[in-house]
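Two complexes are shown next, each including subunit A; its partner changes from subunit B in the first to subunit C in the second.
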Partner chain A sequence: MKIKLLLATLLTVSSLGVFAETPAEKGLRIAKAADLSDQGFSDFTANMVMTLKNRAGKTSRRIIRIKTLEGKGDGDKSLSLFDEPADVKGTAMLTFSHGLKPDDQWLYLPALKRVKRINSKNKSGPFMGSEFAFEDLGSQEVEKFTYNYLKEEPCGNGMKCHVIERIPAYKYSGYTKQVTWIDTQAYRPVKVMYYDRKNSLLKTLNATGFKQYAGKHWRPALMAMQNHQTGKSTTLEWTNYKFKTGLSKRDFNKKSLAR
Partner chain B sequence: MVKKYAESVIQFRWALLILSVLFMLLAGVGAKNLFFNNDYRIFFSADDPRLQAFEELQNTYTKNDNVILVLAPKDGVVFKTETLTAIEDVTEKAWQTPYSIRVDSLSNYQHSESVEDDMSVANLFEEASELDADELTRIKAIALNEPLLLHRLISEKAHVSAINITMEFPKQIPDGKGGTIAADPTKQVSEVVTSVRELKSYIEKTYPELSVHLSGIVMMNNAFGEATIYDMSHLLPMALLLILITVFLLLRSVSGTLTTLLVILFSVITAFGLAGWLGIELSSPVMSAPVIIMTLAVADCVHILSTWLSEIRQGSDKKTAMVESLRVNFMPVFLTSVTTAIGFLSLNTSDAPPFRDLGNVAAMGVIAAFIFSIFFLPAIATLLPIREKKKDTHTLKIMSSFAEWVIAKQKSLLVGMSLIAVVLISLIPINELNDVFVEYFDERIEFRRDTDFISQNLTGIYNIEYSINTENTGDISDPDVLVNIKKFTDWLNTQPEVVHVNTVTDTFTRLNKNMHGDDKSYYKLPESREMAAQYLLLYEMSLPFGLDLNNQIDIDKKSTRITVTLKTISTKQVLEMETRVDQWMEQNMPHLKAVGASPTIMFAHIGMKNIISMISGTTIALVLISLILVFALKSWRYGLLSLIPNLVPAGMAFGIWALISGEIGLALSVVTAMTLGIVVDDTIHFLSKYLRARREKGLGAEDAVRYAFSTVGVALWVTSVALVAGFLVLATSSFKLNSGMGLLTAIVIAIALIVDFLLLPPLLIKLDAWLNKDKKVTEPVAAVISENQI
Partner chain C sequence: MALKNQHLFNKCFGGNLSLSVKRLAVSIAALAFTSTVTAAELSGNVAVEGRLFTTDPAYEKQAESGGVSLSFLPEFKHKWDNEDQQFTFTPFYRWDENDDERTHGDIRQLDYLVSKGDWEYQLGISKKFWGVTESQHLVDIINQTDGVEGIDGEDKLGQPMFRVSRLTDTGSVDFFVLPYFRERTFSGVNGRFRSPLVVDTDAATYESASEDKHIDYAVRWSESLDEFDFGVHLFDGTSRDPDLRIGQKNGEAVLVPHYPLITQLGLDLQYTGEAIIWKLEAIHRKRKGDDYSAAVGGFEYTLPAISESGAELGLLAEYHRDSRGEVANAPFQNDLFFGARLALNDEDSSELLAGAFVDLDNSSKSLRLEASRRIGNGMKLNIEGQVFTDVDENDPFYTFSKDDYIQVELEKFF
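Now for the complex of A and B:
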């Protein structure tokens, strides 16, 4: 009986083609496909230079090393090691990302020689004074959003993109929605537009210089975030991507922070 | 030549009538380009160093444009579930305000405390309706002990609480076609005001026990517009009515009154139309121009029409009478228009762009009034029907007995008037500079009432901001820097003018305490640079959207902003405070010295800056006007003498001002130059008649004074009354820059008449020998052609 029903459903879906799929279903399907396409990286390390620019044109730089371990069942684990500015050198941050549940985060403070849990439900604020919020940088698990497929359109360099609106499903987000551009070929997220609580455009993220690593995983060399309301901007330059370096759970616990 | 012109005007009156209307319409179309700019920044020229310092500060941190929403529970209790529920609800809704980038309130204050050896950062309270008595007490204790909140968002008596909404207005907005266009700031302000007023009525409906007060920079900008709308709807009709009544009483002619009405309306429309073509922005000061133009245009009409009517009453027909009237009035009307226009044009040296615009618009109005008076007025007046009436000679008789009295008492008048003048002028220094911008609006404007409430109950509206700049990246975590900033903060808090100091050191001491298990003995600055920097990093990572530290610390952690909130104090006190802070920094932390920047500072300097910049304007106007007088009177001696009736009235008026108000500032800095061109008209009329009698008719000084009184005495009296009345209407403006200017101008004009009547004649008689040393008896230009009699 169940099989019959399933068959019937499948037949109906295939006969109606994509038109039977609601925009929400299509959005979710693509988000899942994008997630799937990046699965199996197991771990990677990279260096990141973050450059902040204010409206007066002044810039400020932070240098961070990132290690990420692919999550199995739960979200990814990541470790950020701060090299610059000098007075926070040696500070390290450990993040266990989850789906709808707030992420767990700990910070190692070398000046105190102690690990402190970041005890806040509310992590929509700027990361190190930049235009990136935690929620922009954290692992983008599929279940963190509900989706709404908008359209398909060209998005530069001869690419075509799925344009998908996604609405944060977790509490305490700083956004009402995000509109993402994901290229149809390799599911690379090339652009995100963020809308604030009053649903006005807050900022735009453009990712460029994508390269493929380990024959499968695409990563950008440059991520540029422009805040349209304050005129401030932040760029992230990524270098030295290394995949499958053999990291394990033991490299991502509170003890590993102090190293 | 003038007669030829006068005859042609009558001959081609239909053509001139149509041409005048066409000209007015053509100019008037320019009004479509007009728009009202209510940004307070327009009072400062782009190169104003204090404006630049303030803009730079805002570019480094965040903008200061804000709306303060103050909630006042009727029973005066903030810390109860009802009020806190309302605060939580309103805070949430406030995020929907257009252009808002930040909302600060008691409920979303990011309270940090130590929880199980970790630092917890969370809203001060959530789900306020569930709070029990213990929690309320705890929240109250935290709020009243938190320097970031007390006197800023919560009053000491805990009876009112504020929600502060910070806006960021984009200068460019998308045009919908992928490009951008310049945004309309006035529209942006009105969007915000509409939204917060909706919020206010929502609060009043949902929480009837709360009263709501709105203030802040955005509300102030909006008040500029609302004060102007109030003025336009109240002052303009009043001025118009007053003018029509005056003119009718004077001329006793319906057609004459109608003609005057058309000329003044045409002049105003032309002036503002041309302003539109020239791209002049409307602002509150510029909007005093309609009343000024109307008032001044009346004088031209009265001179021409009264001569015309008196000719008709003496038996001339309409056309002949008009030719005669134009013949005798052309030159004086021309001269007085030119001098008045020069006076207004001298406002171009003002440092405040809105007053330059006012000068230019008023000058265009005055010239337009002249053009319409000599081309349009004769045409329309001779076309309208007219009823003849007996001439009223009563006022003339009064005038001649008044002349006799002046001549009889000349010695005591000379001494008495000189004494009064000297005394009043010596009072000028009593005037104090005061440009308290909240007081630019009087109590009829809601912004003023709400702002007064807020400064009486919660916090100050005036502030000074200091951006403390260190040498290297991250230096704000340097213990030496922090110690200095803390010392500075502590010192500021001891100053009598200071209500609140917003400083980053309060955050550092609190974090240090939190990081040590909330041990009170650690409520002090972190000991090392690394500690401070890392605490800050941890704290920053815990903050939610919109509540970050970017408004206090720059991106390079090299500079920090200290905001000092002040009581409502006078400009003099602001300047004293600024100097005191400068000296303290010079002595105690010279390497971290910063200049104060804020609208309060900018307005504190604007009065003096404008007085200085207007000195050159007044001088230029004085020289030009005196040259015109020398030319018109054909005597440099009389020209020199005319300086007394031209300058003394302004001096005396400022002396009287010291007695009735004693506060001068931006608006009054332009009055001397502006009135110079107006008061000189009286002098021109009186002296030209006097000289005509003295030279042409060969009369002695005393007889010449009698002649001058009998010929122009009534006209001067009537036009002065009309001018004083017009400017007194302006004095009822809800906008202090306009009302102060109107009142002082009215005083100057009134004194000018008194001086012309009581001081000038005795002076002429006394100095007669010196004045006529040249013995060159030539006909003064003005005297020959000015024979306007009432």
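Now for the complex of A and C:
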């Protein structure tokens, strides 16, 4: 794959000259631009209601509060506080995301008052039994993927989207690739299609209800993940977004898990 | 605060709440309610538990086949000042059909916590967990074990404390002043999981002349550096592990707990790789005329995903060592624990942990199983069981060798 890509790159460069951009370069450039467009958020907090729906239509709910601190020179730090279901109330998860290096993650178990460092091998595993894997919800650092620009196409509501294929560069991903739709105007990620290890379509994520916060940062109100293989689905409803709330590193100390 | 509650603690373990204790409990609860006003959050759980013992008891008066038990653990929490200040009240009560000593109450938490900048202060009754290993919690010394709750030693009694913590960039330094000592709880005459002699908890003795009012101190420094998490602690005070001495009560032989003064230096260390986690806990404990060291270390290896379902299987192995060798106080002196943890990662958070302890000196074995899953929204089913086989008569677990059991607990969370 890499050799092919390299060959393609060499061929393109030699035939079109140094000013032409390969699909890999264009994909990376847009990913970087999208990342840059969201830089400077400092921190944000939000509430998340996660609704799981099985094939028979039966639903169950999780309620989680999220706090995120923007990383400077490294990935973001985030704290997830679980309110529902009642048996996990008080559970908390602290994540320091990195680029290619595995994320650092600690779990707080309130019954034992135990802070437990956990490994991040199970990235592909479902988050709380939902259709979202841990890797889908983690911080999407640019370095975590290699990119391949596919095309530009309309993507609803009069928007135009860059369609970019991205391939996880980190270990233990459950995906061979993801195809992402990012709108050309504000770099909002409106859709992602996930391909499993056998390279068949597994899930589609649609993000809607984008709103701009602090004059710059776009966030969706609803994220809907549909699993095509099992018929199950999960929605995330985001409310109460607050930016630049003054969070600092000390709010993401291991101690903060128990508060 | 410690002195005020001393009476309550002493009485709760007798299993019968006297009037004055009731009044005290009511006034504490009232305090909780008034200070939490309207913004108080109430949560917690109520549980029913059934235990079945598969063999006849080893000793007279022990319950025949098992029994039913009910427990109640509400939590009142109030946070204010942008969550920088909080008040928590968590009483606990258990009623047990057979064992009067297991019928008991405790204040798991009644404390005030404030965090300002890089400092955190905590005053009241609370619980602190230290450590990394799974099969034994060697460095976990702040709280006393609530021995009647379960045989794994993971249930703890609330400890009166004043804590000051200084946050560092990647960890913290915690200072503890522990002004009151909690006695360990033991099964009563009708309970299982005891030796032929019953422990007389009313007659406990102490090395310290101030007995349970001896003030203990502890300090722990912990940091996370890349893949490493470590903690180093120093504890100076009354040992949480009593010596059990033979005594008399009403003309009958009993065991009398004696709590010595100790100084303990300890380390907990974890390396978290992507698939493998290495863990180590080690202590060195000093007491009058006696020094010893103990350690537990091992790994947890996560296997590649079993299927597309996201189920996860981990293998664990931990080795236990104690320089004292085979003595009553040290069940894990040259023992191996190995086990498997299965997490289905399904909607109901179904989990299973199965493991075995093997004593490498006398080949005593014990198999343990723990399983849990959520039922609907707000209920949880927990199943646990343990089987003791080939237990050598010199092994501390020998007295439990007729106590193979299976326990089913249904918890309702609110």
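Just so it is clear, the second predicted complex is superposed on the first by the 239 of 259 C-alpha atoms of A that agree within 3 Å, B and C clash if a C-alpha of one lies under 4 Å from a C-alpha of the other, contacts with A are read in each partner's own complex, and residues count from 1 in each chain.
Going forward, a residue touches a chain if its C-beta (ideal position, glycine included) is under 8 Å from a C-beta of that chain, and two chains touch if they have at least 3 such contacts.
Since the model is a prediction, treat every value here as computed from it, not as a measurement.
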Let's test your reading of the overlay: on subunit A, do subunit B and subunit C clash or fit side by side?
clash
A:54 contacts which: subunit B (first), subunit C (second), both, neither?
both
For A:209, decide between first (touching subunit B), second (touching subunit C), both and neither.
neither
Looking at A:156, would you say it contacts subunit B, subunit C, both, or neither? Reply first, second, both or neither.
neither
Is A:253 in contact with subunit B, with subunit C, with both, or with neither (first, second, both, neither)?
second
Contacts for A:102 in the overlay, against subunit B (first) and subunit C (second): which applies, first, second, both or neither?
second
For A:128, select first, second, both or neither according to whether it touches subunit B, subunit C, the two together, or no partner.
both
A:228 contacts which: subunit B (first), subunit C (second), both, neither?
first
Partner chain in contact with A:171 - subunit B first, subunit C second, else both or neither:
second
Name the contact category of A:91: first (subunit B only), second (subunit C only), both, or neither.
first
I need the one stretch of subunit B that runs into subunit C once the two models are overlaid. Options are 5-13, 383-391, 491-499 or 509-517.
509-517
Overlapping contact positions on subunit A, where the subunit C interface meets the subunit B interface
52, 54, 60, 85-88, 112, 116-122, 124-126, 128-129, 133, 172, 174, 196, 229
Within the complex, subunit C is touched by subunit A residues 52, 54, 60-61, 84-90, 102, 104, 106, 112-122, 124-126, 128-129, 133, 171-172, 174, 196, 229, 249-250, 253-255, 259
In their shared complex, subunit A is touched by residues of subunit B numbered 56, 59-60, 62-63, 95-101, 115, 117-123, 168, 170, 473-474, 477, 515, 528-535, 537-538, 540-550, 553-557
For the subunit C and subunit A complex, residues of the former touching the latter
43, 45, 83, 86, 113, 115, 117-118, 120, 127-129, 131-132, 154, 165, 167, 169, 171-172, 222, 224, 226, 229, 270, 272-277, 302, 305, 308, 310, 312, 345-349, 374, 377-380, 411, 413-414
Contact footprint of subunit B on subunit A as seen in their complex:
52-56, 58-60, 82, 85-88, 91, 93, 105, 107, 109-112, 116-130, 133-134, 172, 174, 196-198, 200, 228-230, 232
